[in-house]
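Here the chain labels run A, B, C and D in written order, and each chain numbers its own residues starting at 1.
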Amino acid sequence: MFVQLLFLLSASLTIGCAIAVAVTKNIMHSCIFLLGSLIGIAGLYATLGADFVAVTQIMVYVGGIVILMLFAVMLTGGKDFVSRAQNLLGLAPSMGNKWTYGVGLSVGLVFLLTNVKLILSISEYFPEKKFGNEFPSTVTQIGHLLVKDHVLAFELSSVLLLGALVGAAIIARPRKQ
Amino acid sequence: MEYTVGSIAPIFLAPVIAFVINAFFGRKLPRQGDWLATLSIFISFIFSARIFGDFVFGKFATDYFIHKTFTWFDLSYGSNIWKVDMGVYIDNMAAIMLLMVSGVAFLIHLFSTWYMDHDEKHGRFFVFLPLFTSAMLGLVLSDNLFSLFIFWEVMGFCSYSLIGIYNKKEKAGDASLKAFMTTRVGDVFLLLGMVAIWMVIGSVSYVDIYAAIAEGKFAGQTVIGISLATFSGLCIFLGGMGKSAQFPLHVWLPDAMMGPTPGSALIHAATMVAAGVYLSLRMYPLMVLGDLTWFIAVTGAITAFIAATIALVQTDIKAVLAFSTISQLGYMMIGVGVGSYNAAFMHLITHAIFKACLFLSAGSVIHSIHEQEMPKMGGLRKYLPYTHFAMMCCTLAIAGIPFFSGFVSKDRILGDALYYGFMSGQNPLLAIVPILGFAGAGLTAFYMFRMMFLTFYGENRMSHHHDDHHGHGHDDHHGHEIHHEHLSPRQNVPLLILSVFTLGFWFAGTLTGQSFGKVFGEKTEWFKILVEAPKVEKFVNQSREQFGTTDTKPSVELPKAIYEHQTGYAGPNPDDHKIHTAHTIGAIASIIIAFSGVFLAFLMYIKKSVKPLADIFPAYTETLKNRYYFDNLYVDVIIKKGLLTLNQALSRFDMGVYDRFAVDGWATVNRWAFKASKWFDNVVVDAIGVDGTGVAVNLFNLVLRIVQSGKIQFYFVILITVLASYIWTLNI
Amino acid sequence: MSLTSYLLISLVLFVIGLVVMISRKNIVAILLGIELILNAAALNFVAYSRFVTNNLDGHVFSLFIIVVAAAEAAVGLAIVIRFFQIKETIHIDEATQLRN
Amino acid sequence: MNQTLVSYLSQYEFFDVLLSLFGKNEGLLAFTIYLVFAGIIVGLCATIGGLGTYAERKISADIQQRIGPNRVGPYGILQFLADGVKMITKEDIMPFTADKFLFYLAPMLALIGVFSTLAVLPWSNGFIMADLNVGIFYLIAISSLVGVSVFLGGYASNSKWSMLGGLRGASQIISYEIPVTISILSITLLAGGMSFGTILGQQEGAPVHWFLFHNPFAFIAFFVYFVGALAETNRAPFDLPEAESELVSGYHTEYTGMRFGFFALAEYIEVFVVCGVGSALFLGGGNLPFSTTFDIIPLQLVQVVIFMTKTLLLYYVVIWVRWTFPRLRVDQLMSICWKYLTPIAIFNLVGNAVWVVVFHGKSIAELLSGGH
């Protein structure tokens, strides 16, 4: 019962906040709605028994990426930062207008239909099986998988993170004009 | 036995550690780290003494040896064995050698701390000295030619650095280059010999070489038409010639005195030159197999004699000692050549000790009066009593006066040479070996005492001379500045310790080299009993012991080698009687010759009743002073005439033939090719290819300009549309 | 609470991300859309791991996706900030330096 | 597997009585138990947070040789209640140009982030809402919501002081998360798990079994953790975001009334949580100093008391530090984090890893006693 409740809450949080991300005109609010959506996804992970992934999701996104986004928004607050029109189809120089939304929605609809078809056909290839509800102690097993089966990817991701760290620091450092 | 890595490795590693510390942190240490170097050599000495004690005092039998290996690198693939083993090989000879090297080197280090005090190169000197010693110790410990070669080259480098340590002096730099280059000639041959051996038996380990000789693997093998044993033996001996300064590669050794005197002592006595003789002794079975002994003997004899004659007229005290070193090395080679293995090695040891002492004494003299030209010395006996005493002992030893070590060893070599030259039924021309040997012995006694008399006796000539051609430039510090010498643990105690060991009975147990006049029992003849030419048969099917394992061989007494007191040869010999006669004659003759040499020197330089050599043979003296023009020969004839002419011929060939025909002709060909390709380029490539492509691209551009709008979101749309159309059309 | 429901959620998330990416003209907003898309993909992995394969490889994959997303966000935002320093705007259509 | 409060209580007989009371509806019972305990814990923590303000005033008065609050109640102990009443009844002012949505959201986020951490705080072996497999990791992750709330609070007020305070606070929090997380990771390494049950289970018995004394690296890790935690909770000497003398009051300059109260409460409870985590990770938590074979509710209560004692001692140290050390400059703050604490923490992590490999995870005490 808890799990169903959590699933419903998380799913609605995820989808609702994602829609809010798409329609909000204020980029700051968009970021906060993204935060809500990501927390919702963490809840979905929790319903899938992936507690470690869920906590990592919160850790990385809430503690890192969203704050980074907020900082980026603050540091790039130029002349068209604050949108003046709050309604959906009003004039908003950088946040999109009715044309862009029209194109986006139509393409999204096409993709949605396409993928519904895809999901229907995929569910024939991969029939859903009945497994036990929870993985026992995902932390230990993920640890073993990371250093055994996926060790190459693990090491590469560490190199990737280092490269991203150094690269980001170099790209964004203030330069003398 | 209980030998592990821990009890062998410090012999080699302690000086290396001292070298590393001194090289990097020497300047920050008190006294620039000389105490560290000395201490490290003392540690080596302690460990060497333990091995020596075990080998000599009854723990092991004569033919016992320790051989431990580890794999250095292994490149074997499939059935091809390509693996290099390193290891430690200690037999009686190596044990004695280790003790000698570390002991003498320790005393030299101790002396150097006094000699190099307040010298600007103090620190640098004590960087290379321990490295030099460690290389020699490593060379003695190594079990194969490969690691021997490594240490051999390290020593070459160290001698280069030590000779040229006063790098502000041009002569020092030249001398160091000369030493490096001359020994390099021999090293090339040594490498060749090693490669030849490797080709046949796939290993350069001593044990494998001995086993291969015993199994007859060398039989029938040839290299460029020469039998392999002869070829490799000759090459290895040539390497030894370079290092041991044998004629005609002896020219570097006299110049090596440009370095500080203790460095010379280390080079001349314990380490560098001993390495060549040591190598020849190690490879003795190969020399015998290759029938090279006569060559070695003749080389040694010529070296011994020529160097002795040159030493007659040298005025620099160190030059006299340098030529005497060459001469004595010649005797060692004679010993190797005439089959007097034991005596040759004994001479190596005794010579190392008294020559180290001589050089240190000379250093003491030079450092006290800042002068090394003998005509400007004289009468130093009063000022330097301890140095005088030590130097006199050593001079007596090198001159071959009975009861001293030089007599013991040299006389045995000469006795065997006499037998070899006259009585063994060899080629009669080989009689030149004992003749030159005895002549050299007489000359040795003469020039050594000449040096003693000029330096320590007569009146003090220092204040009368104002010759400023010598190098030190301390003209204003003349005789009155000499202080009376006091007994000091760093200046003359090393000399006195070394001079104690110039007595013959330490080595032979008898007062003479032969079996006359025995004073002690058979026990004291340890040297003769323990050292013998390697018997190659016992090395067949020896199992290797890995490094780090404890010794599995039993420590019980193995059967002792048969020692025949009359001959000095191991094993029964049919010519006992002849040998005995030869030894008797040799002993008497060498005593007479030595004393007459001493007497002649006495007449000439003390009594002045005989005119000096220069007045008797002026032309010959000039030749001798120029050292038989060997340096001129090498520089003027071989390098200037030979190599320069060759260079000019090659350059003429290059300018005339290559340049005119090949280069210019090729240019003409290119010119034609250029014209052809220009047409092709203009018409085909440019007009059709390039311009045509441009037109085609322009056409495509019209289409692409619409698609490639630069708006990322447009790309997204295209991407998603294409993806969706894939999914629909492929109908997955 | 079945595979299909998770797939549908992730599909909706993906489409919303797509709409954000296409319709917004602010580069940071486009990055928000990319985050949504990456999360949709990661959710799929975990859902398959729970309902189809029943091993944890999917979890590991989604962890790697999170790692890559972190790196992407760091570098992407650094580029955005640099872009703003040069152009004084973060309008996506201003990024036309390579077009000429 | 995850142990929860309900699964712990179900081993006692009165659980069956309760179950029958709820008509055998386990879900409802569990929900009720969680609700009740959550209420207790939140109430307790709110009281502790309130008492924290009182303690802070009293201790600071002590340090500065003043008397401090002494009017309301005995020794002024009811001062916090009076303050609370004052806050609730104050006018709720919102700046005209503020971003209303975010202005409302920020204090909520702070409270959510802090109270969520209480779910895994181990009051004792049994009294822990949910002993998650990823317990400590969850705690770190969810408490980073506070950083977002500080940032949003600063931004939404549309005031320069608030903005600066928010930026400072957010950057400080995400910077100091790194040494704190790495220090905690070293303890995770030693314990071999992330759940508080595992970590506390390793520290049973005498104080020599605490991870603080496990090895020298863990000892250093405690101080790195403590310093980093001070900075993460914006406590002095790292209280740059709310530095009164330069930024008026930092990110909550524009907040009044209960919204300000939320921020203050969140801060005090976060300090309490951080101290609790410190005592659980390094100081043995609620473990009795001897091992018992039986488990009864009063013993659990003793454990709670032990845990509270340790935590409040650390709390005292935090306040003590605040009134003793001067505030740092912004650049000093960052250089302490990135140039000192983070390298030390990484060194500790490597040292702990090496220790675990070399000594098979045995502590110094075990090595000295030669055993197991």
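As a working rule, contacts are C-beta pairs under 8 Å (C-beta built on N, C-alpha and C of every residue); 3 or more make two chains touch, one makes a residue touch a chain.
None of these values were measured; they are calculated from a predicted model.
Asks: Quick one: most central chain, C-alpha centroids?
Replies: B
Asks: Whole-Å distance, subunit B centre to subunit D centre, using C-alpha means?
Replies: 75
Asks: Between subunit B and subunit C, what is the separation of their C-alpha centroids in Å?
Replies: Distance between chain centres, rounded to whole Å: 73 Å.
Asks: How big is the gap, in whole Å, between where the Cα atoms of subunit A centre and where those of subunit D centre?
Replies: Computed from C-alpha means, the inter-chain centre distance equals 28 Å.
Asks: Among all residues of subunit A, which ones touch two or more of the remaining chains?
Replies: Residues 52, 56, 64, 71, 100, 103, 107, 111, 115, 138.
Asks: At least two partner chains per residue is the criterion; list those residues in subunit B.
Replies: 713, 716-717, 720
Asks: Pairwise, which chains touch?
Replies: All touching pairs, sorted by chain label, are A-B, A-C, A-D, B-C.
Asks: If you look only at subunit B, which of its residues touch subunit A in the complex?
Replies: Per the stated touch rule, the residues are 713, 716-717, 720-721, 723-724, 727-728, 732.
Asks: Hey, which residues of subunit B end up touching subunit C in the complex?
Replies: Going through subunit B, the ones touching subunit C are 710-713, 716-717, 720.
Asks: Which of the residues in subunit A come into contact with subunit D in the complex?
Replies: 1-2, 26, 28-29, 32, 35, 51-52, 55-56, 58-59, 62-64, 66-67, 70-71, 74, 134, 136-140
Asks: Within the complex, which stretch of subunit C touches subunit A?
Replies: Going through subunit C, the ones touching subunit A are 1-9, 11-26, 28-29, 31-33, 35-36, 39, 42-43, 46-52, 54, 56-57, 59-60, 62-64, 66-75, 77-82, 84-85, 88-91.
Asks: Please give the residue numbers of subunit A that touch subunit B in the complex, ascending.
Replies: Per the stated touch rule, the residues are 100, 103, 107, 110-111, 114-115, 117-118, 121.
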